[in-house]
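Labels run A, B and C following the written order; every chain starts at residue 1.
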Amino acid sequence: MTHPMIAMRAVGKSFGAHQVLRGVDLEVQRSEVVCLIGPSGSGKSTLLRCVNFLESYDEGEVRIEGELIGWDLDKEGERRLMAPRRLREMRREIGMVFQHFNLWPHMTALQNVVEPLVRVRGLKKDEATGRAAAMLARVGLAEKAHAHPQRLSGGQQQRVAIARALAMQPRLMLFDEPTSALDPELVGEVLEVIRALAADGMTMLIVTHEMGFAAHVANRIAFIDGGRIVDEGAPRRVFHESAEPRVRQFLQTYHDRNAF
Amino acid sequence: MRFSVLFHSFGYLTQAAGVTLALSLAGIALGFVLGTLVCVARLSGRRWLERLGGAYVSVFRGVPLLVLLLFLYYFLATLGLDVPALVAAIGGLRLSSGAYQAEILRGALNAVPRGQGEAATALGYAAFDRWRLILLPQALRISIPPMINEFILLIKASSLVSVVGIAELTRVSMNIAAMTYRPLEAYVAGGLFYLAINLSLAGLGGLAERRAGIGAR
Amino acid sequence: MNGDVLLRYAPALLGGFGVTIACWAAGSALGLAIGFAVALGAGAPSRALKGLLRVYVEILRGTPFLMQLFILYAGGPSIGLKLSATAAGVVGLGLYSSAYFSEIFRAGFAAVPRGLIEAAMSVGMAPGDILARVRLPIALVAAAPPIVNTLIVMSKETVVLSIITVPELMYQMQTMAAETFTAFDAIFAMAVFYWCLVEVVSRLGRRVEDRATAFLASRP
């Protein structure tokens, strides 16, 4: 029996008294691209961060290829934090790309990609360098390999960040608003890279405000509001035929804002 | 440790703490006047005044206080002055603190947003009023925390005037150590006095800061 | 200044200079090491440890360096801690500066953007690697200017060691002054010497800072 790449069941999460996720069910199959949309503060980032346990969830289960992440269950069903080493092993298989790139400023683009290969994958320095260079070439940045992040444009930084995650050869990629911090003219180059990944069959869960991109690249759209997934389905259906008034209102506001 | 030996010295230490406080207060107050002058010189826009102010800060932050104190002490002595110790002590603290306070004030003035002065000019304030009513009050408020910090540093630095023989907290602790043959207890007791003074000051500083609404930003 | 006198005392003064620099270097190195450990400890989850380290820092920052030296050097023997003046001076300087260094490191670690650590966690880096490869280098960049400042402050504090008879430069100068009645000249020379030292170290420090932070230079 094959498991879905991500399976979230009844996931709940609170910050203090503020419940941010409520009973979230979401599955992402192998080679599927799911885009997560919704208003600001609705819990998109939190949901995404629960997938690699950067944020711990209080209720429910998040399974990666069938394996529970973050918690160990004992026989009585009590949960205990999973061994840190095991968590790290699971995280290696999950690439993550952040809104603000989060490149390490004291390393060049190449070193940013090499670092985890050496430290985490245990590759030899030159093998890692070879793979990193190839990965930078793949995102179109071969000639920027020796530049520090501060000398790169936002779009270039984000592509380096993608290369860093990809070089680990993850089975799954998470994107948290990868283009929201970019100048409009730089958005395209990053989306192009993600589109190419989708074509290669990479499994991806993407939080985005780029509706056109989502409609084009996603197999499925999940709309989240108030910590709940309120609609989910094929892009065409969610974007044009959603019965959910909150989805329509959100899309209406989006269209109004983007109309000339 | 046996602190009972020190019971009789408690009054002595309290008195000495008073001397330490008085010396430091004199140092910081006189240093404030000096620091203000130096700061004004550094911001005067006159080349030679700026140089002079810069040189002052560089010299008196560069020369260790102990060296400065001894310098003054012997210098005044060669002039044949009668009260070299006290004058040298307060003078040293003042000269040194003046350099630090000049920098604090300069930093605070630079921290007042440019727009504040420009707004005042736009509203038709005269230059003098602009300074008196708009810029200085804000700069002084900004400088409260570093000034309190400077006061704490000065209280600690004042322990060095013990070398010219003034009966402040450190000197008195030395005397007690010599008299009772209990150096550990004597110096720990002296240290506790310093600690009490400085922690109270730090607490007061926090209070003043919150009052002035500096932490609120 | 009297050239003959200086020449006669040159060996002692040179020796004193060496002792000054050695005490400064050893004390600062000790202080950096302890300060770093304290900062790491303060970041640990244990409440008790945090509180204890807070007290350590507050005591060392709240009392004069001279007092700490007396406690260590004069008070030490009554609890079986017998240190030579020089050893007490180095240890004292190390403890005293460690309080300042630990605060600097703490602020440096706090200045590391959370996202950079999360990026390292998301690729599965181990805590030790994250500390060595991400947190520390970035914290050091933030900490470099205040570290240089504190090093300068400590270079001036070495003068205080003369009071507990560490045979450093000031001590030798005073000895010379006492023997030759040239106090004024000697102390004037000390003032000039320290002023030069501080200027040189400040400039060097700024150079090192620029080097260390070169990669942060503004974008083209």
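The rule is simple: contacts are C-beta pairs under 8 Å (C-beta built on N, C-alpha and C of every residue); 3 or more make two chains touch, one makes a residue touch a chain.
Please read these numbers as outputs of a predicted model, since none were measured by experiment.
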Most central chain, Cα average position: C
Chain separated most widely from chain A, comparing mean CA positions: B
Inter-centroid spacing, chain B versus chain A (mean Cα positions, whole Å): 55
Approximate Å spacing (C-alpha centroids) for the pair chain B, chain C: 22
Chain centre separation in whole Å, for chain C relative to chain A (CA means): 46
Chain C contact footprint on chain B (complex, rising order): 1, 58-59, 61-68, 70-71, 74-75, 78, 152, 155-160, 162-163, 170, 173-174, 177, 182-188, 190-191, 194-195, 198-199, 202
Sites on chain C touched by chain A in the complex: 113, 115-116, 118-127, 129, 133-134, 137-138, 141, 215-220
Chain C to chain B touching residues, read off their complex: 58-59, 61-68, 70-71, 74-76, 78-79, 156-157, 159-160, 162-163, 170, 174, 183-184, 187-188, 190-191, 194-195, 197-199
Contact footprint of chain C on chain A as seen in their complex: 52, 54, 84-85, 88-92, 94-96, 98, 100, 102-106, 115-116, 119-120, 148, 150-151, 161, 164-165, 168
